[in-house]
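Shared between the two complexes below is subunit A, which has subunit B as its partner in the first and subunit C in the second.
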Partner chain A sequence: MAENILVIGGGPAGLNAATMLSELGVNVTLVERDSFLGGNPKKFKYKFLFPDMQPADNVIGELIKKAEAAGNIKVNYSSEVSDFKENGKKFDATIKSADKSEIKTFDSVIVATGFEHFDPARDAKYSYQLFDDVIDIKDLERMMGENNLLRPSNGKPPKKVAFILCVGSRDRHVGNQYCSRVCCTVSVKQAIELREHFPDCEAYIFYMDIRTYGFFEDLYWKSMEEYDVQIVKGRVAEITSGPDNTVVCKGEDTLLRGPFEIQFDMVVLASGMEGGPQSPEISKKLGIELDEHGFLKPENVTLSPFKSNKDGIFLAGACTGPKAISDSITEGAAAAMNAYTYAVKNR
Partner chain B sequence: MKYNENGVSIVPSEFKKEIFDEARKDFRYEEYVRGCLNCGVCTGGCPPHRFFDFSPRIVLQNMKSKDPELIWTMMDEYIWACFQCFTCAMICPFLNSPGGVIAILREIAVRRGFESAKKVLKPYSRVLLKLTAYGNQLSPDMIQPDFFPDWGPHIGYASTDLAVKRKAIPMPTLQVTNLAWDVAPETMKELYEIFDEAGVFKILEAVDPSLYEIVQDIVDDVRSS
Partner chain C sequence: MALEKNESRPVAEKGEHIIARHLIDDDSIKEEKNLVIDGVDVSGRWNTFILSRVDSEFDRSFFNEIKETVVGSRINRCWQCGMCTASCTVTPLYRRFNPRAFIYMMQLGNLKELKKYIDVAWRCVGCYKCSQRCPKQVNPAEMMEALALVVKKYFPEEVETKLKLDEEVKKIYEDMILGHGRLDLAKLHTSSMQKAGRAKELLGRIERDAIFKMAKDGRAFSILKLGKPRGWGRSKDAIENYLKNLKTIERNTD
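Showing the complex of A and B:
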């Protein structure tokens, strides 16, 4: 008889885990709280992905197609695990949607509940939601996905845009000390896209450290060499309104200018990634550990980053911390392998 | 302390080390100085930064540097540019307090009677006198155009005929112009005790010896009354 494995979360990590398991002949139950698959990249309509600017559809669309085509993946949309109990080496889970609720026994479980975007309104100094032209990177992804790169305040093309890094990350005031890892690269990518779209529009990036780690550095170099993106070292201390419907970024350029107050048409906040409400919820429901950053905690961050502290429950993707899609996909495969091995051993 | 022709202090490195250690040993040090991202948020929000070559980021970096020389370079002028508004402490993502570090350094300068502290405190000598000798801060006779140019164009008028104007105030006042309120001698004696214990008189002696003498005369009078 085929194994039954539960995958919670239908983003890149969960989709790849489900697909790999289905290829091994496992009966997969995929639980997704949204009414669609694809996770955050789908929700916010990412258009082109770093590092190579390939269309997001090549990746996310592909993952969704494979999962939907597999005969042995049962996708439960708009649903959640409402009750969860250990049953010897197996697990009994109640899967609940708006109109029904069903109890099933699983041999093992993969948690791939992902992340939430930091809400920049929580950091008042950036005046998000106060000024129409202050947006964040997920808003800009969505705007680009909808082919609309115009200023929200007046629908005109922007002439000068600032990207502010580390919003909601590396700041004790908002409770997040960690680095969100992808926002530097996302911002550099978006600055390039903006300059490509509006060659007359200037783009500035205000940074503390540029963390385009590994090969992502290529994009950073390219942004300066080919797109003349202005890179200014200094974290913006305040955003206020300026004359002629502009927003003013105020701060210290720690290398060149000293104090600055620069007017922009549009400001893009590089808000980071958080464990969201789902991480503590899942942690409580499944009895797995939460870490001090608000993400799910792997049994051993280096040796077994895809294992929870509970035998038979595995972790994949951004639910254990900020990471890129490639890492999430890799972890989905690793978790699938481990969940399968556990299931077979305890057959 | 010796100064060169540019007014810069000339001191041996052991002395700079002593000052540095004194700051590091302050009981608030651990709370004020943590790590630093060199991000410049503190400086971006700092009011004087817009007018002077002054940056709380530099203050914090210097303090973390373990280099007594860097701390010393700030003692003559740099630390006095701060408004002590603590905006920096409110917005620093690391929860440092550059303004707090400045307070520690200023207190050292005052305790040790550095020339910079004397210069900064000079305009406050009348306030110091009223406060330490009489337990008052501002009194009517302190309202003089020379001392309060920032009080606007009517300061000249406000400073004349003080006795008459005070009588015109429709509530009980002391009817005197050299005090704002009357502090009982017993209270004053207690205050002197506190100033003694807390080292306030010693600090006063270090920063303004002649003012100290005037204050001591009054203190002696009150104590023997």
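Showing the complex of A and C:
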């Protein structure tokens, strides 16, 4: 008899885990709370992905297609795990959707519940809720996905755009001390895209550190050397409104030693990633550990980053911390291998 | 080799012979005005040296000293993002007042650099906007207090000369509050101008017009009639006590 494995979350990590398991002949039950697969990249219509600017559809579309085509993956849309119990070495889970609820026994479980975008409205100094032309990187991803890069306030092409890094990350006041890892790269990528679309539009990036780690650095160099994106050192401390329907960034140029107040017609906040409400919920429901950053905690961050502290429950993707799609996909595969081994051992 | 000073010979300005003189700070030029070596006069031109302006030391003992104080204990947290300076009330008025830069100078023990800012270093008005913004909760507002203590301790003479006027005005202010329980702005202004040796300006047109106007609408007389606030004696004792304690604290941190 084939193994039964539960995968919670249908983003890049969960999709890859499910597909790999199906190829091993496992019966996979995939539970997704949204009405579609693809996770955050799909939800916010990411169009081109860093590091190589390939169309998101090449990656996300491909993952969805594979999962949907596999005969042994049962996808439950708009549903969740409402009840969860250990049953010897196995697990009994109730899967609930709007119209039905069913209990099933699984040999092992993969949690791939991902992240939430930090809501910039929570940091009042950036006036995200006050001004239409203050948006964040997920909004800009969505706008680009909808082929609309115009200023939200008046529908005109932007002439001068600022990117502000580390919004909702690396700040004791908002309660997130960690670095969200992807937002620097997303910002330089978007600055390139803006300059490509509107060669007349100036792009500035306000930074404290630019963390385009590893090969992502290529995009950072490209943004400056091929697209004349200007970087300015200093974290913006306030956004106010300016004359002629502009928004003003107030900060310190720490290299020139002095305050500035510069008008822009659009500001893009590089909001970070958070564990979201789903991480503590899943932690409680499944009895697995939450870490001090609000993400799920691996048994050993270095040795077994894809294992939870509970035998038979595995972790994959951004639910254990900010990371890129490639890492999420890799972890999906690692978790699949481990979940399969556990299931076979306890057959 | 005999070194001998010859006071009588008049010489040129310091560093006068350096062609790009305007590029070089006074402090970086070493030169004896009158110098005779072995009977040869080498004044001015021949003994002019331009000192290297490379920083050659990070003085961690200074950092440790700040860290020991209550107000400066979080100096190790600052990562120089500039949000404090960006939100500061004072910086837009005095660009040389830069909390972030001061914290950096203190971190590296760069007293040479700090010294250049003695006149503005104590200008913090204590609004705490910086501390509200600081993402690392350094509490830069209190770091500025640490800075003021340091400046007093390491540069007493400069404080004495550069801040003399401020100290005197502060004294007038304190006496006024303690003596009358009220601030008389007109009097504060006049006394400060006198101390600054600018009393003449008080007779300018704007001032004259203002005095005339105030006399005419009666405000000048109502000010004179103001008495002390009710029960002032007790408040006065409390303030005096506070000031006395403050002085003791300052002396102990020296």
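The working rule: the second predicted complex is superposed on the first by the 346 of 347 C-alpha atoms of A that agree within 3 Å, B and C clash if a C-alpha of one lies under 4 Å from a C-alpha of the other, contacts with A are read in each partner's own complex, and residues count from 1 in each chain.
Operating definition for what follows: contacts are C-beta pairs under 8 Å (C-beta built on N, C-alpha and C of every residue); 3 or more make two chains touch, one makes a residue touch a chain.
Quick caveat, the model's predicted, so the values are computed rather than measured.
Visitor: Look at where subunit B and subunit C land on subunit A after superposing the complexes, then choose clash or fit.
Guide: clash
Visitor: One more residue to check, A:Arg257. First (subunit B), second (subunit C), both or neither?
Guide: second
Visitor: Now for A:Leu150: first (subunit B), second (subunit C), both, or neither, which partner does it touch?
Guide: neither
Visitor: After the superposition on A, what does A:Ala2 contact: first (subunit B), second (subunit C), both or neither?
Guide: A:Ala2 contacts neither subunit B nor subunit C.
Visitor: Which holds for A:Ala124: it touches subunit B only (first), subunit C only (second), both, or neither?
Guide: The answer is neither, since A:Ala124 touches no partner chain.
Visitor: Would you check which partner chain A:Arg170 touches, where first means subunit B only, second means subunit C only, and both and neither mean what they say?
Guide: A:Arg170: touches subunit B and subunit C.
Visitor: Can you list the residues of subunit A that meet both subunit B and subunit C?
Guide: Looking at subunit A, the two contact sets intersect at 125, 166, 170-173, 208, 233-238, 250-254, 258-259.
Visitor: Which stretch or stretches of subunit A touch subunit B in the complex?
Guide: 125, 166, 170-173, 208, 233-238, 250-254, 258-259
Visitor: Taking the complex as given, what residues does subunit A use to touch subunit C?
Guide: By the definition above, subunit A touches subunit C via 125, 166, 170-173, 208, 233-238, 250-254, 257-259.
Visitor: Taking the complex as given, what residues does subunit C use to touch subunit A?
Guide: 79-88, 91-92, 95, 98, 100-101, 133, 135-137
Visitor: Residue numbers of subunit B touching subunit A in their complex, please.
Guide: 37-45, 49-50, 53, 55, 57, 91, 93-95
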